[in-house]
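Chain lettering (A, B, C, D, E and F) follows the sequence in which the chains are written, and residue indices restart at 1 in each chain.
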Amino acid sequence: MVYLTRSEHFNAAHKLFNPNWTYEKNEEVFGKCANENWHGHNYELLVTVKGQPSPDTGFVFDVKKLSTIIKEHVIEKIDHRNLNLDVDFMKDKMCSTENLAIGIWQQLTPHLPEGVQLHCIKLYETPRIYVEYFGE
Amino acid sequence: MVYLTRSEHFNAAHKLFNPNWTYEKNEEVFGKCANENWHGHNYELLVTVKGQPSPDTGFVFDVKKLSTIIKEHVIEKIDHRNLNLDVDFMKDKMCSTENLAIGIWQQLTPHLPEGVQLHCIKLYETPRIYVEYFGE
Amino acid sequence: MVYLTRSEHFNAAHKLFNPNWTYEKNEEVFGKCANENWHGHNYELLVTVKGQPSPDTGFVFDVKKLSTIIKEHVIEKIDHRNLNLDVDFMKDKMCSTENLAIGIWQQLTPHLPEGVQLHCIKLYETPRIYVEYFGE
Amino acid sequence: MVYLTRSEHFNAAHKLFNPNWTYEKNEEVFGKCANENWHGHNYELLVTVKGQPSPDTGFVFDVKKLSTIIKEHVIEKIDHRNLNLDVDFMKDKMCSTENLAIGIWQQLTPHLPEGVQLHCIKLYETPRIYVEYFGE
Amino acid sequence: MVYLTRSEHFNAAHKLFNPNWTYEKNEEVFGKCANENWHGHNYELLVTVKGQPSPDTGFVFDVKKLSTIIKEHVIEKIDHRNLNLDVDFMKDKMCSTENLAIGIWQQLTPHLPEGVQLHCIKLYETPRIYVEYFGE
Amino acid sequence: MVYLTRSEHFNAAHKLFNPNWTYEKNEEVFGKCANENWHGHNYELLVTVKGQPSPDTGFVFDVKKLSTIIKEHVIEKIDHRNLNLDVDFMKDKMCSTENLAIGIWQQLTPHLPEGVQLHCIKLYETPRIYVEYFGE
């Protein structure tokens, strides 16, 4: 079993705001991240798949195809977007990095071919903060 | 003469949109950057000052004081903000990285002590795009 | 289960020196790291916790609180210090990166709230050397 | 149990080419990577070992010895080489990053002392593509 | 005057070999870089242009257009290629990073629009070696 | 004229302490950096030379020779050392990064061959603080 990782970049606006709470409670819990006028990030996304290298190619999976799948099913939907307003798979969810990673997992997992399993979504919100999700 | 650089980080939402143009013209020129719902970035800001090292301290300038000046006069005003809506010194300007770097220069230069000159504002919009401004 | 990582920086002096050994034996085993006048490093510390994202916030744990806990219980004690002389939790231990990572784990684990588990301490001594400790 | 990682660099030429296929099929599957005149990379290799820190040294393993073993048994054989033509342990294999990582594992594992286990070979082909192999 | 930099990546095979010298002399001067079977690198290319920000866009130059020009006139010709064999503008030149940077300058400078000047080609051969060329 | 840069790493202990001042004044000015038990850093040193590429080699200067000169005249003297106690060329100077960069310039400049000029010493004390010295 070999693990193959491809990283992709996107940037987006978002805010952290719980609509069931008052504005004051949101400010207290989320601080500057609750700014009603939004803020944003350069996200770095690392997608790891695992499988057996093919005897014909030496590949677990063609990394160019992996990149195409990530771009088509994730980057196209979230790059240069507002995560709270523009992204169907984040609708009615808190726009935390944790939930975004889970959402990205759910976007990608149906599109991988047989023999290739999604192993990890690692998502940097800033160079010093990241989350990882392994599908369970 | 020695040059001293301190880097600081902030993140913000913005869009590129010229109000004198139609929506279509903005889309044509700025593409995804014109998204009316905003997008955002983790900016990395490098501020370079120059001067003679002091015989008493060996410092061109105390880097902690430099950091404090940058935080007080720049980071406080733009971190976790919307550059188009929330930042006084970007009002009525196109929110390009170029103009943001010039604006940051103008914010900082009055607050440096005698004997220390601002040399360069270097501003990364993404890890692969940056601008530099030397005050002229 | 989602894993959340926050990185923090500190710098410190140390030496590698076993007091049960002769000076020559220390030099032979530790080389330049045994320099009796000390040397030092910029350490990069990555703290990973795991848990279920809260439905109210989308957070496994508020990353600002995580940062505060790391600063209060670790960074305050070791930043700009001599690891052999100034740090209570390294007393009478060899000051290797391995032992420092274990010591940091022990400092942090009592201060995490219920529902949030410490998963990993990853500690870079240089950009090309790091250790990881998972608590067992 | 503590995990210790050392990173080393090398650069090499290679091509992806399956000799059982026509030139056209190779081009179709591997694209520019099949260029018969070769291309190349700066590879970054991270070798992780695990073990108990020694009470005498605080080390899982002396990282200088680990570096020496990696240089002697891997870097010497592949740095500034053509992976397809010059490297004995890649003979008759597809020169993918996956197979190179497996080959490096097999080179290193016999040379580690008792009490120190090889845990992971992580190999970057480019800053945005890497593979990991855990020996099984 | 503002300076705008865009970075692009490519990888290539090459060797350092002076055809006027014996094989032995080449080995003596270039060491492992003279390997007749080639070696290779991931190159990182930073292209800096300078100009006045446009009042309409805030841009010195549209960074997407800059990227397109770099890709069309440089990356297409050298990515996944053999610099000695496949690249017209390196024909009959020593394939050093210095000469490659000068060659890239000459490729790009005719394609920039009026009001935008090429300022610097910065080219990393490895993360620890780079050259800069300013056109004179 | 082409500029060639080589980066090298070292780590060292130091403190900032002016012997003409009281302990209290040192603490007030230098804060944690005045800790009498020392602290330390991983320094990253970038040495830039300039010259004309040789028609025979394509090199401004053989980067391996540049590395050897830096190691022999700088790294050997300061790596794994105490900058205040162990380094002859820092004797009786404040151990600031500014003064260390000037000292390194003075160490290197006599050892470069004709036709190759030292252009810049760039020295990172931490990933977010660096100084540059151009010899004047």
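Descriptive notes on the structure:
In the analysis below, a contact is a pair of C-beta atoms (placed from the backbone, for glycine too) under 8 Å apart; a residue touches a chain by one contact, two chains touch by 3 or more.
Model, not experiment: these values are computed from the prediction.
Between the contact lists of chain B and chain D, the overlap consists of A, E. Centre-to-centre, using mean CA coordinates, chain B is 29 Å away from chain E. The distance from the centre of chain A to the centre of chain E, with each centre set as the mean of the Cα atoms, comes to 34 Å. In chain A, the residues touching two or more other chains are 127.
Of all possible chain pairs, the ones that touch are A-B, A-C, A-D, B-E, B-F, C-D, C-F, D-E, E-F.
Those residues of chain C lying in contact with chain D across their complex are 16, 18, 20-21, 29-31, 93-99, 101-102, 127-134, 136. Within the complex, the chain F residues that touch chain C are 9, 11-14, 32-33, 35, 37-42, 79-82, 85-86, 126-127. Here chain E touches chain B in the complex through residues 1-8, 48, 53, 55-60, 62-64, going by the rule given at the top.
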